[in-house]
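Please read the structure below before turning to the comments.
We just call them A, B, C and D in the order they show up, numbering each chain from 1.
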Amino acid sequence: MEMIELSIDNKLVSVQKGTTILKAARKVGIDIPTLCHMELHNMSIENKPGSCRVCVVEVDGRRNLAPACVTEVAPGMVVNTHTARVLNARKTIVELLISDHPYDCLVCAKSGNCELQSIAHKFGIRRIHFKGEKSTYRKDTSPSIIRDVDKCIMCRRCEMICNEVQTVGALSAVNRGFISVVAPAFEMDLEHSPCTYCGQCVSVCPTGALTEVDSTHKVLLSLMDKSKTVIVQTAPSVRAALGEEFGLPPGTLVTGKMVAALRRMGFDYVFDTDFAADLTIMEEGTELLGRLRAHLAGESNAKLPILTSCCPGWVNFLEYNFPDLLHIPSTAKSPQQMFGAIAKTYFADQIGVKRQDLVVVSMMPCLAKKYECQRDEFKVNGNPDVDFSMTTRELADFIKQSNIDFLNLPDEEFDNPLGESTGAGVIFGNTGGVIEAACRTAYELYTGKKLETIEFENLRGTEGIRSAKLDFDGLTLNIGIAHGLSNARRLLGDVRAGKSNYHAIEIMACTGGCIAGGGQPYHHGNSEILRKRRDAIYSEDKGKIIRKSHENPYILKLYKDFLGQACGHKSHELLHTVYHDKSNNEVTIHHD
Amino acid sequence: MTRIKSLDELKNKRDELKSALSLLDDPDNPDRKVQIKVAMATCGIASGARSIKDFLTAELSKRNIPSVVTQTGCMGYCYAEPTIEVKLPGREAVIFGYVDRIKADEIIEKYIKKGELTEGVIPRNYSTID
Amino acid sequence: MEKQITQQGQLRIALRNCGMLDPENIAESIARDAYQALGKVLKELSPQECINILKQSGLRGRGGAGFPTGLKWEIASKSQSDQKYVVCNADEGDPGAFMDRSILEGDPHSVLEAMAICGYCIGADKGLIYIRAEYPLAIKRLRIAIDQAMEDGLLGKNILGSGFNFEIKLRYGAGAFVCGEETALIHSMEGKRGEPTNKPPFPATSGFMKKPTNVNNVETFANIAPIILKGPDWFSSIGTKNSKGTKVFALAGKINNVGLIEVPMGTSLREIIYEIGGGIKEDKKFKAVQTGGPSGGCLTEKHLDTPIDYENLIEAGSMMGSGGMIVMDENDCMVSVAKFYLDFIVGESCGKCTPCRVGNKRLYEILEKITQGKGVMKDLEKLKNLSYIIKDTALCGLGQTSPNPVLSTLENFYDEYYEHVVEKKCRAGHCKNLFHYVINEELCVGCAACKRCCPVHAITGDKRMPHYIDSNICIRCGECIEKCSFDAISIQLEPKILV
Amino acid sequence: MVPKLMCDDDMVDIYSVPSGDKDSLKVTIKLSKEKIETINRICASFENNPEELINVLHETQNTLGYLPAEVQEIIAHNLKISSAHVYGVVTFYSYFTMVPKGDYPISVCMGTACYVRGAEKILEELKKELKIGIGETTPDQRFSISCLRCVGACGLAPVLMVGEKVYGSVSPDDVKKILNEYREDNEDCKCQQL
């Protein structure tokens, strides 16, 4: 590769041809500020429209300033990143952005996490010299996401994620000039668009234009209500990221402190979604084996490949885009919903509380979960199995509001019976985790032998689409894994075209899996954070004594006392669901 | 028209067309014709050039004057639209501006029939490359 | 500076056939040498030889920036690719410029022929013309011309027996000024929003469908065939040192001979306005001529004798642009003219980059404040600083040049700005908040005609007694002036008394 | 922007877009079968090529008069692109409209040449005469007003267009005269094709 030498702020740099000034500068410790630019290394996600113009630098011999994020280096280039001309321009650009932005930082959901706010602070902007019209748009609230696009700065990150990474196509830049904004088709509400609520747009939005629906207040009211028993479940990825909100290094596991905090906040029982993940494996694994056996028996209508169904964003995507393939995913509900269904039957009976007096709250790394728990399929007489779903970010704020000194909390254990889990349940948080957990169980159930190595290393990794062949005692199982919906679309396209030979496919809507979910602490483009969360999940698994779902004693007890057998009658009633064709989406017209 | 298959064919074709045109313009040719071009770009049409062209075509044939009236592009005198160029055989082309029906009639009667210049002649103020 | 001016000042190269032939009849074009240059190139020249001719001729792009055409072709010809494209930019957008429309309506074959020559030189067999949907006649004539040329074997497969294939298709614009910018134009042709992207990569390496693409404007193409037929030396003998050949200008505004002219580079504004253009309408006083459209600037009396070429116009704070020249007289308020252009830019900005999307809006708002008589001296400073920052930071050519009308009016007509801001006066009588109507008591007979027609009831007075206009109510619609039979109402420029 | 529905008699029934292949999105749309077929035909004539989106939109608007949400949905479906993308394109280009224009759409040129020769006054007069604003249509659906950037007929400034017919050197007094040509049902005066 050709190397190019240049000077940035009088420092000589040598970088590969094709490198941008921005990256060359970072190599020598010069951090040029950016707003629209965002890159997640190793995940091939990069947004560089070169549109915000905050990163402009002075290049000798060039007539105007150069945007560092899209300008490639040239031999002998002389770059200055902090001359008066540059700083003046940069400051003015930020002032212009703010001049078309609400001044409600104090009450903005993104305050403290807003990139525009921090850049304004960094530049020492104390006055906005330009006063004029501000663009105003209708606020849009969906079950999961709030769009307050008055705060949109047209960085286009959400548009890029929604179209290129997720191929959902819910968002596009619309209109032009001063009134241009990113919006769904016909500027309808997100609810009427093909949005899957994966929340990736929220996780990359630099300002408060895209945020989650906040359920804190409703949960607080439930907690205050003496007539209610309030229980909480926490998803695997939450414990691997929550610490970040309290200043702990990324990848710090805070399971014990989290349990302690939830107990102090007043939850009557603190349970683990991982328990339900184990239950999911029992059901999904059994379903896989059933279909596999049917296939091996030569049944022509054996529905293979089986697709995992625990990711609600992915389920939404499937219902919108692949209505002809609705018969192939596992019918198993997601862990969140399995938990709710068991909690409001089995557990409610156990503690003698009526269904309507039991409130189930879930702590999730996800925004689609908020939508999922409101689906009609998951309600009994209008009462939802899971009442409220909160994100990791909301949980962190809730803990802070409850005056809890999180860092100094003792480690505590989950309650029983729905708090016991295995390592298999934990790894649901990573891409490849669900299928690995399923294989741990399916292998032993199918072959009747004990696994020698529990880790299926060939299912792990960060490639967008991965495939592996597993030897099930002579039977070769073809496993496919996709994360990020564009990769899911590719795999499903093959399935539809009959070009796929997979037996089972795991799909996660978010690139990286739940650890990078739309409800996790903001990564601000730092993919190292995601890697550390991933490692934390695997290390939690490693530390568990029981690492296979079918060995979870409480799961076995649940089947023995209540459910009968996996995929049996009772299971089907409580733990399985059906999918609906959502593509038949009538155009609804809004009159303001 | 058949396909032109080589540069030589194209050159021959051009020369044929050119000589046909110069024949029209030859005062000694019994088949000579008055050639009129009506500027019919957007500006011309908007100013009524189409009806002027129709009027000239009809009137010249009614008055038995052998002529060809064709449309052409913008002559550049937007301020004087509609504009027409009249070429009497063997004589320099003359451009008339602000042509309405009355003017057109006058041009036929005075200039085309008798060769007398009327008002509204626009002096050609450019040279082209040929 | 060497100049070669023909006796009448005008020399038509690009417009050589406009008004000479019937654009809907290919025979007339052939009679006037159409496709001779293409035939010569295909038969006698290698692509590089042809590119060398263009390089020697000194032809520069006529669309605005003036990039050397031969060099542009050479870069595209050297890009390696299985597929390349020739694009004709016929998205003539500068308000006040209509030379591209005239060429396409008057001599479409000159463009088609040149595109085919370009295709041969760079190794492309497909051409696309991106044309404004607002030009229905040009579209119609282009379609006819393409069909006729295909039928005659002058486009299509195996042109003139050379083995070279070239076909041309039309793509329509849809009303977006920014699509005149190459990268935006390419996105638009791909069925996307016409938003520009950073250059490099230039279209010559990655353009339409990510393939090497050569984009030239209509007038540039119209110059190609004569250069091939008459030679580069002939062409470079016309014009100035760095700007060769001729330039078409669209003369419009307050000028007697509104029209399309073509003059050798280096001709002075004075010759254009007073000799060719016949002077200012109604013998009013010349104030300025706006060149280069919304990206250009205003030239004033002091520039009247400057030889016009690419460099001199930029030096004078304007630019060649596509060649619109709009002449303004003493009745035009230069602050309002700047505001007019900013209004245009705000409406046409694609909204992608911050400086253009928000910056130009703020410039417009400051100008509006000034024209309403609410400006303060600090605003002039702000205008200037913000303009420089937009120029320095905007993403595309449209944004980088958008403050030019503000900067050039500030530079050349600072006193008008000053009057608006400090004296609250608009000398042209254009800014409605800065003048008021008064009734001359001696001339008014109290007929009440004005009172009856006033839509906002600003006029009071008893019958047969002098009437009075309340400036605070008056909306300055001018109805009363027209209705008054006694010339009793007049405009007063002095600042109105603020109540 | 409030996208409007087609007029009532168009809403014959609810039809589904026929799904030609498997990855088709079924869209239920309130459009007459004929109109859906027209749109399908237009898309097919451009080989359902997403690159040709702008040409497809032109052709569809020429045929139907405007591009309401339902129409964009069908185009998106045929070209296999998201409707958000189609809407993004429609709203980018000022030539496209989502509301029906009048039978005689009037466009006032707001180019510089027209501006300095008094286009603003023409526009004011039109607004006064028709009692509608820019981008609006008269209640009887006869006239609508829009502004155009330069139409390239600067020699005739100020210019207005009714349909594709260009009127040059228009004075405020001419406005009424021009409108009267179209007010009576005078067939001869219908927009002349150039």
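Keep this in mind: a contact is a pair of C-beta atoms (placed from the backbone, for glycine too) under 8 Å apart; a residue touches a chain by one contact, two chains touch by 3 or more.
Being a predicted model, the structure only gives us computed values, none of them experimental.
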item	value
Which of C-D and B-D has more C-beta pairs touching across its chains	C-D
Centre-of-Cα separation between chain D and chain C, whole angstrom	26
Distance from chain B to chain A - Cα centre to Cα centre, in angstrom	74
CA centroid of chain B to CA centroid of chain D, Å	38
Distance between the centres, which are taken as Cα means, of chain D and chain A, whole angstrom	43
Of all residues in chain B, the ones touching two or more other chains	42, 45, 78-79
Interface hub residues of chain D, defined as touching at least two other chains	85, 88, 92, 151-155, 194
Overlap residues in chain A, where contacts from two or more other chains coincide	173, 175-176
Each pair of chains that touches, named by its two labels	A-C, A-D, B-C, B-D, C-D
Sites on chain B touched by chain C in the complex	1, 3-7, 9-11, 13-14, 17-18, 21, 37, 39, 41-42, 45, 70-79, 85, 124-130
Residues of chain B that touch chain D when the two form their complex	42-43, 45-47, 50, 78-79, 81
Residue numbers on chain C that touch chain D, as the complex places them	92-98, 100-102, 133-137, 140, 171-177, 188-194, 209, 250, 252-254, 258-260, 290, 293, 324, 326, 328, 332, 337, 340-341, 344, 348, 350
Complex interface listing, chain D residues touching chain B	151-156, 159, 165-168, 192, 194
Footprint of chain D on chain A - complex, ascending	163, 169-176, 183-187, 193-194, 320-324, 493, 496, 581, 583-587, 589-592
